[in-house]
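Dropping a structure here in structure tokens format, bear with me for questions.
So that you can tell them apart, the chains are marked A, B, C and D in the order they are listed, and the count of residues begins at 1 in each.
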Amino acid sequence: MRAWQIVSDGGVDALKLAERDVGAPGLGEVKVRMRASAINFRDLATIKDPGPRGLTFPAVPNSDGAGEIVEVGEGVIGLKPGDRVASCFFQDWADGPCSPEIMASALGGALDGVLAEEVILKAGGVIPFPEHMSFEDAATLPCAALTAWNAVVETGGTKAGDTVLLLGTGGVSIYALQFLNMLGARVIITSSSDEKLARAKQMGAWKTVNYRQTPDWDQEVLKLTGGRGVDLTVEVGGPGTLQKSIEATRVAGTIGLIGILVGGEINPLPIMRKSLRVQGIYVGSRRMFADMNRAIAAHGLKPVIHETFAFEEAKSAYHAMEAAGHFGKLVVKC
Amino acid sequence: MRAWQIVSDGGVDALKLAERDVGAPGLGEVKVRMRASAINFRDLATIKDPGPRGLTFPAVPNSDGAGEIVEVGEGVIGLKPGDRVASCFFQDWADGPCSPEIMASALGGALDGVLAEEVILKAGGVIPFPEHMSFEDAATLPCAALTAWNAVVETGGTKAGDTVLLLGTGGVSIYALQFLNMLGARVIITSSSDEKLARAKQMGAWKTVNYRQTPDWDQEVLKLTGGRGVDLTVEVGGPGTLQKSIEATRVAGTIGLIGILVGGEINPLPIMRKSLRVQGIYVGSRRMFADMNRAIAAHGLKPVIHETFAFEEAKSAYHAMEAAGHFGKLVVKC
Amino acid sequence: MRAWQIVSDGGVDALKLAERDVGAPGLGEVKVRMRASAINFRDLATIKDPGPRGLTFPAVPNSDGAGEIVEVGEGVIGLKPGDRVASCFFQDWADGPCSPEIMASALGGALDGVLAEEVILKAGGVIPFPEHMSFEDAATLPCAALTAWNAVVETGGTKAGDTVLLLGTGGVSIYALQFLNMLGARVIITSSSDEKLARAKQMGAWKTVNYRQTPDWDQEVLKLTGGRGVDLTVEVGGPGTLQKSIEATRVAGTIGLIGILVGGEINPLPIMRKSLRVQGIYVGSRRMFADMNRAIAAHGLKPVIHETFAFEEAKSAYHAMEAAGHFGKLVVKC
Amino acid sequence: MRAWQIVSDGGVDALKLAERDVGAPGLGEVKVRMRASAINFRDLATIKDPGPRGLTFPAVPNSDGAGEIVEVGEGVIGLKPGDRVASCFFQDWADGPCSPEIMASALGGALDGVLAEEVILKAGGVIPFPEHMSFEDAATLPCAALTAWNAVVETGGTKAGDTVLLLGTGGVSIYALQFLNMLGARVIITSSSDEKLARAKQMGAWKTVNYRQTPDWDQEVLKLTGGRGVDLTVEVGGPGTLQKSIEATRVAGTIGLIGILVGGEINPLPIMRKSLRVQGIYVGSRRMFADMNRAIAAHGLKPVIHETFAFEEAKSAYHAMEAAGHFGKLVVKC
């Protein structure tokens, strides 16, 4: 079977499609015939800059995938050949707080990823996904969806009537929008594209703000909330947004800090003055994944997939990610 | 102005309509021209059995009401004549855990209630209600709605995808159903009336169980949840239901224990065996009320009112409560 | 190597010492040379009444043990031969809420226990213990200590200045007393023995109540707390204590419900009236165990061991448990 | 009776001692004969720079004081003349999360403070203090002690065995050290003075770091914790410390952000990478104050008072605060 591999630090062009025999699953492991893998910005960044991430070549990219189990090792309970499963971003995060040990079990980073026809994963590192979802749908869950769920449910404790600010229309924000609809919250979402904002509105956003036309978007958010600010901001922005997010969040509110694009320097004084909670978020645990799946199943939620690529065309998917014109997820069939 | 008063322990017939001058509001107080008062089972029970509740005659009944402020005392900030407000069940519960001091500030019990044309309440003992609600609507919020909100949001921490069991179709259960719809949860509701179950289904219940036809309704709930049990049970049942509720709730799940009808003896062993949390619930705080109002406003939620009575016909409302044929709230205009 | 085995439902006398070869550890497993095993009431109950617990004969008893790793299977990270480890009561409870799957991984119940010279356990089913502890010390941690920690830290959220009620001087209560000393809380403890109460006092208990001399011990606890009641009750009592514990706990307080001796019927009405939380507790997770170990290490805490028995004399340890005259733990050397 | 008043923006020298008649307490108010007032850095900053804080002259400075009630207004329950009480920093924070309304009720800022012989406060804006404390002792509680309690108990959820980093030996840090001793935690504390570190060690600190001699004190803290980092950092430092505090805190740990000295710019990326929680802290609620008082009473805790000044010498106290050579609190008798 074949796998895509990062063979050098040459960027997307250094990805090679290679034959790879993963052997049989050991005790407590499962072999999965992957059927789809979704791309996150983090995967592109890893390919373009593998050095500081400590990758050893060749390395299989991507954390997110879905497929069907073809073989289970000894001692595996509750899973059997034929089961449709998604990968868990962290192979070792059952539940509870994150830890360095958990962080060392990330797929497509510390460990080989899933952009491959066959992979071997820990039994606790895969999870069955809702019946109404296709492999392509499920491939979008492990990183973007779970990060959004963690931000709005675990970190934000969002309840009906809360107002939540989403920055941009990337994968995490779109999933957050869908979850917040389920949870009865009101969403304010920003983008530089009126077209994307129109789509977000159609998907249920309460208010939209074009941050190009309204550079003081934090003041606009305050105005929309009667001067009070939002209960939660899901901060996935690039450099320079966090200071404004702090401004746009209410006293004693929460900011979920996500994404490797976090950057720039900020003045932390208003965090103190407003009794804010700034919470770093790094995907989520398998228990959160199970909770999320129950919600997705109960609501028949479908992800927004921008484009699906053939396995051989994986490089095109990364180039589409670079071009940043998508609304929704980019998925590669395996 | 007039007020209904409990003048002896003679039950509903001992209610007398009397003239009463409440005077001017003191520092930190407001005078409210009540416009509607909703009846809870607890109000009927208080009238029928005032002795053990320590009432001194005459006592004005009812915790729940809504009206408009006609005068504010010195030192009142943020409220002014003309404001439409609902009463807070506990005059002194701002936020945080309950306490004996808070319990001593209950309207229509420790303190005079609101079935009157004019009342004086603490500024912190009233709360503005959503614009889309009438006085009759808002009069149903202080006890039934807030108890339901406390049970599903504060105690249950309900999130999208959770499954919640509601016992019967009383005021708390119907509000809980409406809130759970907002929160994205699935509701299983019980009743002895197929007609009431049909209405609950129409209002969004996921599954219904007629406990007369299915006396082992706990087993039915287990079946409906694939053997797992519900995440939360809102236990407002009469004698004998709690043991079955314990059976119907999942391992590490929660039971919110509500209502003066709780009765009968139970075997607590399964609470331990299933790592359950059984949480007594006694209405809720003003902060929870504010949260609830934001949710109600965001969703334009309207209460289910079964019947509205003229002020002079208040006794008929209590008799309707006794007859127990209603679906939704009984409200008296003031 | 040898192991004690329950070979029939004949009680303690049906325990047989047998040769057993556990083989080599598989992937993700470790082989441990057990050095000590502590006995809990639950272990005695299992031996005396194995039927309803679904044991298949022969079954090795006991959940609690400590020893040194002699061999690690493939894929084990962070553990090596020579490491001193204790067993985890639940082999599969990493963190988060309990579940039926976790409950199916109990040692000395669903799975073979540790009263043996050699056992094979999952790598995630053992945990290194503090350096200052002997094997005998560490053997007392998995069930009694962790249950106590879960009750006072996770469930009770005990903070300095809280008052906590402990029922009796069994293993859980004595550990709870030691932890509560660390946490700065005040302990009220009950017993029928003045001698045991004197020892508890010496160990730092704030107040003691002899429940034989003071059958209305709940009223005594109320008096000791100025009528307010305790913040937390660790309920490990036999039939009939829970109703009094409910009485002795403050409004909005917590009762941790522990132990297979929970019994009798109770009237749940006061749980509602006092806004109590009754929380079933079933040992605890590996993450809690790690937290507890850090606390034990920081404070150099030593368990109270009543008596240590030779491996061949294990039956005597169970008979001592039956006699119930001990203060502290009963430990068998392996 | 007399009060100190800020009469212009001339700094400490613009403080004037003036006669002031506060009149009688209104409904729900109490008149307190202040006996002592403690100074916080915030009080000095307010005096030196009153403009941006929106003070109107003349304004009585200081949030912290203790005295005895001399008169109670109508409607006051539970307080009577002769009661010894401390002031609450926020007159309107009963419990729950902070809010703009609560922030508008700060003594010595939005409202007149307590550096006076007589003041009128809300009944809910004072709190009885432990019997073993003098007025001077109790005057140190409202701001510094409660902030420290909020940081280590409410925000940090500190449990026995946790390791906590304290920056410097100011009022908040010294109280935090005392509370952490009670809670069974281990303290690492920094200072530029070996003498102050020696005193902190004597008071129970586990490890000390002289940040002048060890400018990379974050690396030293990592070393002391075996590379893991501390569970909680109480960040009260000046410009430039927060980035190092982030470095010194463990994955999924917490930083309590306190104090108007917070300054400088930080790179927030590591907050995300380490799943940190950065929580702004602004004193605390009356309910927290009650919890803290119970802990202080149970442990007979005494504050560290550096120096006590006569009422007429209040300016000297502010000058001592400016000189920054103290270890412990500066208190003015009233």
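In this text, contacts are C-beta pairs under 8 Å (C-beta built on N, C-alpha and C of every residue); 3 or more make two chains touch, one makes a residue touch a chain.
Note that the coordinates shown come from a computational prediction; the quantities given were computed from them, not determined experimentally.
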{"item": "Shortest walk length in steps over touching chains, chain B through to chain D", "value": "1"}
{"item": "Selected pair, greater C-beta contact count between A-B and A-D", "value": "A-D"}
{"item": "Chain centre separation (chain A, chain B; CA means) in Å", "value": "41"}
{"item": "Two or more partner chains touched - positions in chain D", "value": "97"}
{"item": "Residues of chain B defined as touching chain C within the complex", "value": "97-100, 103, 228, 242, 251-252, 257-260, 262-269, 271-282"}
{"item": "Chain A residues within the chain C interface of the complex", "value": "26-29, 73-75, 77-78, 94-97, 101, 285, 287"}
{"item": "Touch list for chain C against partner chain D, complex", "value": "153, 157, 159-162, 179, 182-186, 291-299"}
